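Labels A, B, C and D are assigned to the chains in the order they are written; within every chain, residues are numbered from 1.
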Amino acid sequence: MWHIIEQIFPYAIVFTIPLLITALGGLFSERSGIVNIALEGLMIIGAFSGALSIHYLSGVFENNTLVLWLGLLAAVIAGILFSVLHAFASINLNADQIISGTAINLIATALTIFLARNMTGSGNIRITSGFTPSNVPFLSDIPIIGDLFFTKTYPTTWFVLAILFISSFILYKTRFGLRLRSCGEFPQAAEAAGINVRRVRYSGVLISGAFAGLGGALIIVTYAGEFTGTVSGLGFLALASLIFGQWKPLGVLAATFFFGFASTIANVSQVIPELAVIPPILLKIFPYVVTLIALVIFSKSSQAPKAVGETFDSGKR
Amino acid sequence: MRHTIVSIISILLGLVAGGILMLFIGSNPIEGYSYLLQGALKNLERIGNTFATATPLIFTGLSVAFAFRTGLFNIGASGQMLIGGLMASAVGLTYDFSRPVLLALMILVGMLGGALWAFVPGLLKAKFNVHEVVSTIMMNWIAYWTVYYVIPGYFKGEFLETESKKLSESATLRTPWLTDMFQGSYINLGLFLGVIAVIIVAFIIDKTTLGYELKAVGFNRFAAEYAGMKVNRNIILSMLISGGLAGLGGVVLYTGNASSIQIGILPAQGYDGIAVALLGANNPIGVFFAAVLFGILYSGTGFMNAMTEIPPELANTIIAIIIYFAATSVLIERSLNKLKKKSSNRKEKSGPVVEKGDS
Amino acid sequence: MSYVVEMLNIRKEFPGIVANDNITLTLKKGEIHALLGENGAGKSTLMGVLFGMYQPEQGVVKVHGKEVHITNPNVANRLGIGMVHQHFKLVDNFTVTENIILGSEPLKGMVLDIDKAAKRIEELSKYYGLNVDPHAKIEEISVGMQQRVEILKMLYRNADVLILDEPTAVLTPVEIEELMKIMRNLINEGKSIIIITHKLKEIKAVADRCTVIRRGKGIGTVNVAEASEASLAEMMVGRHVSFKVDKKESTPLEVVLKIDSLSVKNNRKVMGLKDFSLEVRAGEIVGIAGVEGNGQTELIEAITGLRKAESGSIQIDGNEISSLPVRERLEKGMSHIPEDRHKRGLVLDYTLQENMVLQIYNKKPFSKNGILNKKAMKTYTQNILTNFDVRSGEGAVSIARTLSGGNQQKAIIGRELELDPKLLICVQPTRGLDVGSIEYIHKRIVEHRDKGNAVLLVSLELDEILQLSDRIAIVNNGELVGVVNAAETNENEVGLMMAGVAKEKSL
Amino acid sequence: GCGSDSNGSSSDSSKKSDLKVGMVTDAGTIDDKSFNQGTWEGILKAEDEFGVDSKYLKPAGTTEAEYLKEMGNLYDAGYKFIVTPGFKFETAVFQAQDKYKDAKFVILDGNPHNGDFNPVVKENTVAVFFAEHESGFLAGVAAALELKEGEAGFIGGMEIPAVQKFNWGFQQGLKYANENLGTNVAIKKENVIYQGSFDNAAAGGQIAAQYYDRGVDVIFTAAGGVGVGAIKEAKDRASAGEKIWIVGVDVDQYEDGKYEGDKSVILTSAMKKLDQVSYDMVKAELDGKFPGGQTLTFDAKNDGIGLPDKNPNLSDETVSKVKEVYEKIKSGEIKVSGEQGDLFK
């Protein structure tokens, strides 16, 4: 069994990373007070623009790694641009945030395929080669830990983990973080302290756009290699992880890793004799059932930002 | 009235945006839209198919709208449809009762299936305050995998691993007279069920003490509690009704529009239901018309593609844009208000001051 | 004598209403300036203009003689103007320090310099005698302490003009005393203060000058030393005001409500009400006096069934009700004017007629076999609206949200009195109402008593308790401090008891 | 935008025909590198050569009603030669062939029937089957010959007939090579699975990783997007120096397996020549030889299946031996079964 875990681990991590960065994006948005159910759509946008720009750039640049990073950058930018739609609707127009998010999900799905077809002539965009995993020198030789964490890693994994720690730092240690959190808890207080709530919320939503876009593109450059017009519900899973992880960076890390690990187990269970004895349906629904149970357990101590989802009305008392 | 105008304006804006997209790819929007309409309504068969396409959307739209009206956001209609469809198909494939009995039973268990699937999120919301958005998403996937394994395990079609056995013609909602009347289209009894559901839901929401309670809980659960209503029970009840409606959507989809249930797909109608509800301003009658509009768009788009160079994905883009405009209808309402104000500016200037100052 | 702040001919409109109409207010250096006016007169709005939350349509604001445009609170801060809002603007799960530095955070490199800030706050707190722990979380400190945090917030920003919007409404008499001391300290250190309060006594006690506004218009500014409470009240309302409630001696009959050793947990899961016993008889009004958050909410919610009692008994007419659901309690003849009209009292998105049958929609004639009878609802509602002078745009079919706060409150009171309850529970019945409405509501409550019903009154306004009640039960920290006869007590005694000082001779 | 790429090239053609060829796509997109795309490419080739007009429509879902609706759209727009790829169209085509008597239908991988699996191929319809098992057989032989020794595995998408036949053929091919050509490439029961979808790339990669880790050297994927994930995993490993392979499916997937410049992990591909068939059918119609009413099987005999012409990863020796085997299948000397028999899954 240990061998299997060791073997699965790197794959679970690869699967976790897009989920993690997207959920982290959601964290910034929700901590600023804006529900972002559009994560799914933003991931699709990211996957699309990442794949598309890599598709075009690989003819321009020799260096494949450079092209991949440029693709990720493009995804980030596209994610940001698209999230402006959500920010505009929910911050400037006081629209219902859930409805706006739903609309964006619909637009993203429809528009990317439409554009892909029109720009490349194909609704699917395949990239010739993504990042390749490698062992971290020296560290991968450490017993146990080396096998689990430093074997077959992608540079993007370390990149996202760095973002996680930087985010955590920003959220709890910097001026921006303090202001962001105050806007999600009690925007009227933030406003009274002279903070431009709308601007902070814009930052929150745009960061979520950037991260979700990155998350979508990471799927392409690590394990999928092809844009097919969907991210198969990972955006919604990221949203669930955010709640499961109690709106905290490390909580989100734990929650997304749980999903990553559980899905990977479910995926490979068919080919592992030890697991094949368990009815596959149980393995497949395992992550979802556990999430429901966990939500029940955590419901008592829910740490949801108090003002999340409320439209901000400065006159409100 | 207000909502109707806003909805219509968002539709128009969405169509305009779609038209601009058509221009952008070098097609003629007028031509495009005219083929779209023809495709949906040119002859009886096409009209029938348009209604058939709209029918599951009536149910999912009602499901989401009902939940919204009672303060809940049900994005689990897809899963509820799957379970409703699964249960109905299971009955249809297993029993050999006379047609009316069989159909009634299928409809009933389908509704129960959807309700059952919505019961869990309702219970979790009521008892543990678990947000229904997350729990219904989870239930969607659980439904997906349940159908994925139950269908091949128990109702496998001959030679077909990916869908159930076909229902016999008498175990579907299609009836010869209707099919013939609409020249062989897929319109089926589901449409009548849909109309009945619209009327019943409208009646419940507007005219009954049940609707009064459910809405009160949705608007302000604290006030409802204060007035002695059973808040938890009502939340669960709302989800049950919403889920039951979605379950009926599944019955209509899998035993009316289709005759078998496929695995590996979460029905898109569940998500479209959100859009339908929004566009229908969460009003049952509005939902009906919104569903028909979606039916027209989905149904006409194929003919538009066939006649022009406009790709199929455009219809979805237009629908999405319409929803975005509906979501941001504040902008539209604001403009409307401004217009209204301009016309009645002088009269109102001093009126309310007196009234407010008195309180 | 130079003015620190001059607000000249300020006009501020909101949609449909002129909140400030040509108001002038000047603040001298080192003075405490009171701002007085009825609810909705425009006081908070005027201060909002000074603090940069609203832009005036007309008028000039000068600070230290120089014309300024205060476009947002940051500008106000930079000009040395600070404000404590009527409703505190503190983030509950932040610490005192985090709340204070929010918006003007000291940095060490990129990192917040919490330690430095905390040290400075500690110093300020000592200097002005505020006694605040910089590391405490807001949700864990008392309301009075929270107010000091708000004051510290201003001091931290070096404000020398301090605006306090109704700071005393939430304090005990003792805390009010302390606040006044703090205010005097501040003046001695060269600060200037504008204070909004409805309590004329306080104005007399601390203020140097007082500006009065009525329905958005400035009435005038007077030297407090030269004015009496009565003259201030007359300026404010525009007619003579009687501060006395007109009522006969009570004639208590049988016990209607009997509470015995009741203990109830609060939201933080600790006992908010401990071992509480009380009786309310038919034909009497029993007032509960106490500072906000001392168990009143827990008591009322336990009686009405909105909160579970941990132990003890509650009886109505001798029947135990402590484990009955809300509806059955209501059916025993109880009715309840809730503390928070927006949270509990109304479904704001419902029409008035829907709101007026909130507890009885399922009874005849409002419904039959589960089907609503809107006509019956309408006639019933129209009756209440006329009786209680509830003004609304479209009568019974107006959406509740569109009514002004006062009219919303009158509608609720009308609804509850219309049920003709054996036991009427009123929590803050006149909160947010103007003097005229208060007089009227008080009269109706007394009438209800005189019809032989029991009334339990909770109010944070000591005056209201003293005037309306026949007997007064005082709570402190969730415990019953004592019960006194209204006729035989005074504000001082009750105030002391509210602060936890028990009275020797208990009734 | 170049949105008209679907039929923009018709103007190059010197010939002009007034035949309008329509296609309704199955689940998945027109660019699936497999079923839909293969069929469509054949139509495009016909458009290029004969100047026919072409158009594809994508149904909103995969129910009979939705398929029929799109066929009706094509018909109403004058596309009276309609190609439908996939067994899911069986019942829809059954109805359409009656409803649109003056239209021609080609159904690939299926037989029109009324839900009872009794094939009814009307005069205006041709049903086409492929001998996927023969294609899989050849791939199995080629893989065994090239590896000589080692282990093979199979990843299928959903358990549908075409995928199953690829699998069974592949197993028979390995067995044949082991018994007759002196190779020793085994396949174990636990290394034969159907993932259950055609789009879960993550699972494809993870399953391939499991296989490779326990010693599998070559994986035959017949699984759409799942295969894409497996190919990605193989490329990563090959880059890291492992000697492992993938056998592609449906079309020549050599390009998809490229890494480090011009190396590819695609050993060979078990093709079924969908493009050839759709092209041939259009051609037959133009020549007035539409084989209406028939059920055709494309197999080794008529070159409807096979390995790619160029297989850079196969040695000349392997290629020539495979060719021999191919001839034997053609001649009937080798019989490949399209049934499971005692094979895995």
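As a working rule, a residue touches a chain if its C-beta (ideal position, glycine included) is under 8 Å from a C-beta of that chain, and two chains touch if they have at least 3 such contacts.
Bear in mind that the values here come from a model prediction, so they are computed numbers and not experimental data.
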Query raised in the report: Which chains make contact with chain A and with chain B at once?
Result: C, D
Query raised in the report: If you take the mean of the Cα atoms for each chain, which one ends up farthest from chain C?
Result: D
**Report entry** CA centroid of chain A to CA centroid of chain D, Å
**Finding:** 35
Query raised in the report: Taking each chain's centre as the mean of its CA atoms, how far is chain A from chain C in angstrom?
Result: 45
Query raised in the report: Considering chain A alone, which of its residues make contact with at least two other chains?
Result: 113, 117-118, 123
Requested in this report: Please set out, as single numbers or ranges, the residues of chain D touching at least two other chains.
Outcome: 1, 3
Query raised in the report: Which pairs of chains touch each other?
Result: A-B, A-C, A-D, B-C, B-D
Report summary line: So, in the complex, the side of chain D touching chain A is made of residues 1-3, 5, 29-33, 190-191, 193, 195, 199-203, 205-207, 209-211, 213, 225, 228-229, 231-232, 235-236, 239-240, 256, 258-259
Query raised in the report: Contact residues on chain C for chain B in the complex?
Result: 16-18, 39-40, 215-216, 304-306, 325-330, 336, 338, 343-350, 354, 358-359, 361-362, 367, 370-372, 391, 403-407, 433-434, 437
Report task. Quick one: which bits of chain C touch chain A in the complex? Just the residue numbers, please. Result -> 53, 72-74, 77, 83, 85-87, 89-94, 98-99, 101-105, 107, 110-112, 153
Query - In the complex, chain D residues that touch chain B - result: 1, 3-4, 6, 22, 55, 57-65, 68-70, 72-74, 76-77, 79, 87, 91, 99, 115, 117, 158-161, 196-197
Query raised in the report: Which residues, counting only chain A, touch chain D once they are in their complex?
Result: 7-8, 11, 15, 113, 117-119, 121-124, 126, 128-130, 132-134, 152, 223-226, 228-230, 232, 263-264, 267-268, 270-273, 276
